[in-house]
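Here chain A shows up in two complexes: once beside chain B, once beside chain C.
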Partner chain A sequence: MATIDRAATGKPVAARHEPASLATALRRCAAFLRRNEPHLWTWGGRTAALVPLVALTLTVLVLTLKAWPAIKVNGAHFLVGSDWKPGNTYGATVHTDGVAHPLGSSYGAWPLIAGTLQSSVIAIVIAVPVSVGTAFALTERIPRWLAEILRSAIEILAGVPSVLIGLWGALTLGPLLANDVYPVIADHMPDIPVFSYFRGPTYHGEGLLTSGIVLALMIVPIIASTTRNLFAQVPPLPKEGGEALGMTDWEVGRRITIPWVRSGIIGATMLGLGRALGETIAVAMVSGSLLNTIAPNIYGTMGTIAAALVTQLDSAFTDGTGFEVRTLAELAVVLVGVLLVVNMLGRLIIRRTGHLDAPAGQGY
Partner chain B sequence: MIRRTRYVASEAFPRSRRRRAADVAFRVGALAALAIVVAPVVWVMADVVARAIPHWRWSVLVTSTVGTGGGLENAILGTLVLLLGVLVLAGTVGILAGVYLAEFAGLGRSGKPRGRLLRAATEILSGVPSIALGLVGYLALVTGFHWGYSLLAALIVLSVMVIPYIARGTETALRQVPTSYREGAQALGMPAGYALRKVILRTAFPGIVTSLLIALAISGGETAPLLYTAGWFTGTPRASLLHQPIGYLTYPVWTFWDYPSNEAHYLAFDAALILLVIVLVLLVTARVIVNRTQRFAESRRP
Partner chain C sequence: MANDGEHQATSRPIIGTTDSRSEERIDPILAALDPDRERPEHVICSQSLTLSFGQKRILDSITIEFRRGSITALIGPTGCGKTTFLRTLNRMNDKIPGFRYSGDVTLEGESIWGPSQDLLDLRRRVGMLFQRPNPFPMSIRDNVVAGVKAHRIAKGKQLDVLAEERLRQVGLWEAVKDRLNDSPFRLSGGQQQLLCLARALAVGPEVLLLDEPTSALDPISTEYIEQLLRQLTPALTLIIVTHNLGQARRISHNTMFLYEGELVEHGPTEDVFERSREERTQVYVTGRMG
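Right, the complex of A and B next:
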């Protein structure tokens, strides 16, 4: 007690005659905190700022360590094979390279990897033009008060839980598209190489194109708000100069605004791609969540890595050797690895275009 | 609504029907894109409401789930408990991290900018999908530490997920505090910590609250990591951090929506509606705070 008192007041203990009560203790505590406040802020902040770094490192470490036996056993087949067989989980356990796994288990995640890439590419193809158009409309063409409201709506879209978007996609959008839209497209597509992918049976609305559309909806807020902010940073003089030369809005947009922030848009697209690749719940609800099928045409049911991670959890528990859980961890390693690269690239590109005072220098 | 371009007679860009048509197509396209984005926002919400309202009964709010029927009291309380926990845990860590990145991580003694690694880690962490974080939570906390499905495991995973948002929001808010405020505080002889508390944080408060609300909305709507860490519990939440699963609103939506019984469907739709209301309240409040403070800010953002 005496030492605390001295630390708190810096005076000799004997000089004070306060009764030892809760109030005194609190007051001394407060005095101590106040005197050391800068240190507390610095050290508290330093510790807290380390949390994301530690969490990121642990995430990669835990996943890799857990997945390591599965990586060894599944080998390259995991990336190119097209089967997802847990094997006989109630039967004999066999050992490969000292790793226990059920007899007959064989994991190839190529359909999941392909499905992830396909659905994300569809989402990007839809979302980028829509986002750029939205950004144009929000920065140039609409009264400010309306633009503010619409911007809020888009930001709210970014916050709507993915399970609700999945519910809407599975119960409302999917059936609507499958009944009224897909058959029309499928019937009118010519039977030539690229377009034939749009022909054939249209299934029930759970599938690749529906997933792509739902994903596009979920990444539009990211791309659109980033692009809008980039557009707002383009200085007005070059645009006004273009207009003074008699360029139309379209020409000003195509030749001045977009070239000015082109790499920023690419960066925003990468961020959106990252979100699309990792989106889980909504895709699990609208894709059909298959494990070993690549969609035969653009309407076909399929699955993605993230969706498999959430739908296969229950079945993974039935594997007594724990090998399926390790395989799921391997799947997560693949996903996280791809996403780290995509996100870092995106942020690098955006940072490089962060300061836009420099002239366009693109020859326009 | 669409401003007509004033065509200026010019040799450089002579008028032509083709250019005019391209311009009109561009404007129509931009407005159509905007409609394509805004319409689904309304559509999704209207759809959730329309599915829940016909079978809505208020008893859902005060009874707990029984199998695939009953009510959602356990899930609502569970979600609120989770939100409160995230507010405390992620709020503390995120705000402190943001304060550090904005105020203390400036230039080191050697003159090199510090905190770049920390900031990069924060940004990259926000790009890791929540399902991967949930899986790590399951592997490390639920089975590794033998915590079982538990409130603490769920809180840690959700917090790790939203800390980047809070840290970033706090940092941005602090950077928007005018330099003159800091200089004034210093000129009055305020100690650094006191100035931070009484002047800088107070000015940045609306921005920080906004980022907290958005972080709460994100964590409240999250499903995948909770499936791995919180499990599911049909009783009211217990005061126990470990070995005690907890209910939450996204679970009935995700699990019951394709069960083969109407009772389960109604429960899923009710949960979706309640979830939507909670998330919307958080998001709209955040939005209102932003608009309010921007109106009085020294310089409006473009």
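Right, the complex of A and C next:
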């Protein structure tokens, strides 16, 4: 009835057709998109591909700009020096190269750089064999139903907040290791190079080895679940070929399964290493968080770049000249640099060893 | 080794039969030189082998003997248990869940499941070539000597010598001698399969199991490999699963026909194909059943 009334009043009937014309517009739009789909893919793809690069560049750029005055003043000393002196933040302000900073401030982050590398290397040395072994057991050794349960357990472990692991490390693991494990190791190490690094004193559980173990625990899930997925994709035929040749399971694993996904495992390790290098709060809780000390032995207290950033930020704001905050920004730039170098090394390794890799997706 | 094989191949008819073999054995000098003369005539014997995976029975009381130095073709429709039977001979089925067997399989008179039988050594003595080439992710040279290294048969410089010898034996040497350290995955399918054959031969097997070794290859590679297999006898005993009846007739001395897990007929290839005793065999070999 209403429509007839409206038609009678001479109002445009189009009003009634509005939903229809919206549908038409949508249809036209869809047709347009469909016609131009190749372009959409091209440009959408290009944009998506650029996002990570732009994000990384902007982050580094902003950090570098922020850190620039500190980079100028601290100079090369920042990379090789071993002191962390904010100077007298309530005293006189001096100027170096036109940059204001408190009197007596001097920053050398070498202990932090070394600590970062040391703890991450320990973590990788522990985590890679454990992860590869876990992945191997999950794909080859354990009944499927049990493997599924363990696999989800690993994935849950990957999601446990690092602050929880750090707390556990500081309250339980560290003291346990320091009381019952470290002394045993330390007492049995001969006093010869390399091994002497494992001799006492063993301190109280906060330090390099504890940090490495906690980091390893955090990156095992990453490496293990990635490696498990890689192993699951190794076709059965080459493995059977090895068995039929009279190889043991260990030989098949070492010579066929692992090399088959070699690049992938290196990639997963780099992912884990990236996490270990950047891990902050857990390390801050178990390392001792020192700023200017390289651990004298493997049990010694130390600090890492990421841990220093989080523990020092608060006090850095008390520096009225803002120089300490800028120095922390410089520290962050160094961390990014370490990550990039490590990443490139990983790529180099993959390129060096990759020429024997099985072609991806080879149909078996 | 390669020359040796060629000599034997030319001295023997291309379509071998057991008859032609026994004629050869009459030669007294050859018989005296035959290193196998003290050993049982049959390398592998299957004695009422019954095999099942869980509730599913795959093989039903199979009794057959494989004569030393012969090629036996294993034919039958898909799902008849050919591959299962073949894989049983070097115990590749043992790990499959629900695997059960009764009866026995003997290698040189000794049960392959016997307590004194070393599984790894059994697999060295009974080699295998698969349906598709399965090179390992290592260099071409390392592929050839992978088994040799595992069994610690040779080391150091000997490995290079051995790799060359085996690659020559399969006729791959000229093609790969300049890229021994390259990936095997860039070789053609036929070349990859030859590489796998060289790898299987390198550990010095007595028996070679072949599971449709040419089904993924082009006709020229197939013909080449068939020729090569003939040259491997009588030094080796070959058992070949094939869907290609022409191939079975071309290369085998004996043929066994499996149907639904049952050994329907076996005997000299010509007899099985031309004078089948069983209706089912006749239906299959004449192509009326796939």
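We adopt the following convention: the second predicted complex is superposed on the first by the 281 of 364 C-alpha atoms of A that agree within 3 Å, B and C clash if a C-alpha of one lies under 4 Å from a C-alpha of the other, contacts with A are read in each partner's own complex, and residues count from 1 in each chain.
We adopt the following convention: a contact is a pair of C-beta atoms (placed from the backbone, for glycine too) under 8 Å apart; a residue touches a chain by one contact, two chains touch by 3 or more.
These numbers were taken from a predicted model, which means no experiment stands behind them.
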Partner chain(s) touched by A:Trp260 [first = chain B, second = chain C, both, neither]: second
Touched partner set for A:Leu164, first chain B, second chain C, both or neither: first
Touched partner set for A:Gly98, first chain B, second chain C, both or neither: neither
Of chain B and chain C, the chain that contacts the larger number of chain A residues: B
Partner chain in contact with A:Leu328 - chain B first, chain C second, else both or neither: first
Which superposed partner A:Thr248 touches (first chain B, second chain C, both, neither): both
First (chain B), second (chain C), both or neither touched by A:Pro238: second
Residues on chain A lying within both footprints (that of chain B and that of chain C): 243-248, 251
Chain A residues within the chain B interface of the complex: 34, 37-38, 40-42, 44-53, 55-56, 58-59, 62-63, 66, 129-134, 136-138, 140-143, 146, 148, 150, 152-157, 159-168, 170-172, 217, 220-221, 224, 232-233, 243-251, 253, 271, 274, 277-281, 285, 306, 309-310, 313, 325, 328-329, 332, 335-336, 339-340, 342-344, 347
Residue numbers on chain B that touch chain A, as the complex places them: 1-3, 5-10, 12-15, 19-20, 22-23, 25-27, 29-34, 36-38, 40-45, 47-48, 51, 92-97, 99-101, 103-105, 115, 117-118, 120-125, 127-133, 135-136, 139-140, 144, 160, 163-164, 167, 191-194, 196-197, 214, 217-218, 220-224, 227-228, 250, 253-254, 257-258, 268, 272, 275-276, 279-280, 282-284, 287, 291, 302
Touching residues on chain C, where the partner in the complex is chain A: 90, 92, 119-124, 127-128, 130-132, 134-139, 146-147, 150-151, 182-183, 185, 196, 199-200, 203
Chain C partner contacts - residues on chain A that touch it in the complex: 237-238, 240-248, 251, 255-256, 259-260, 262, 355-359, 362, 364
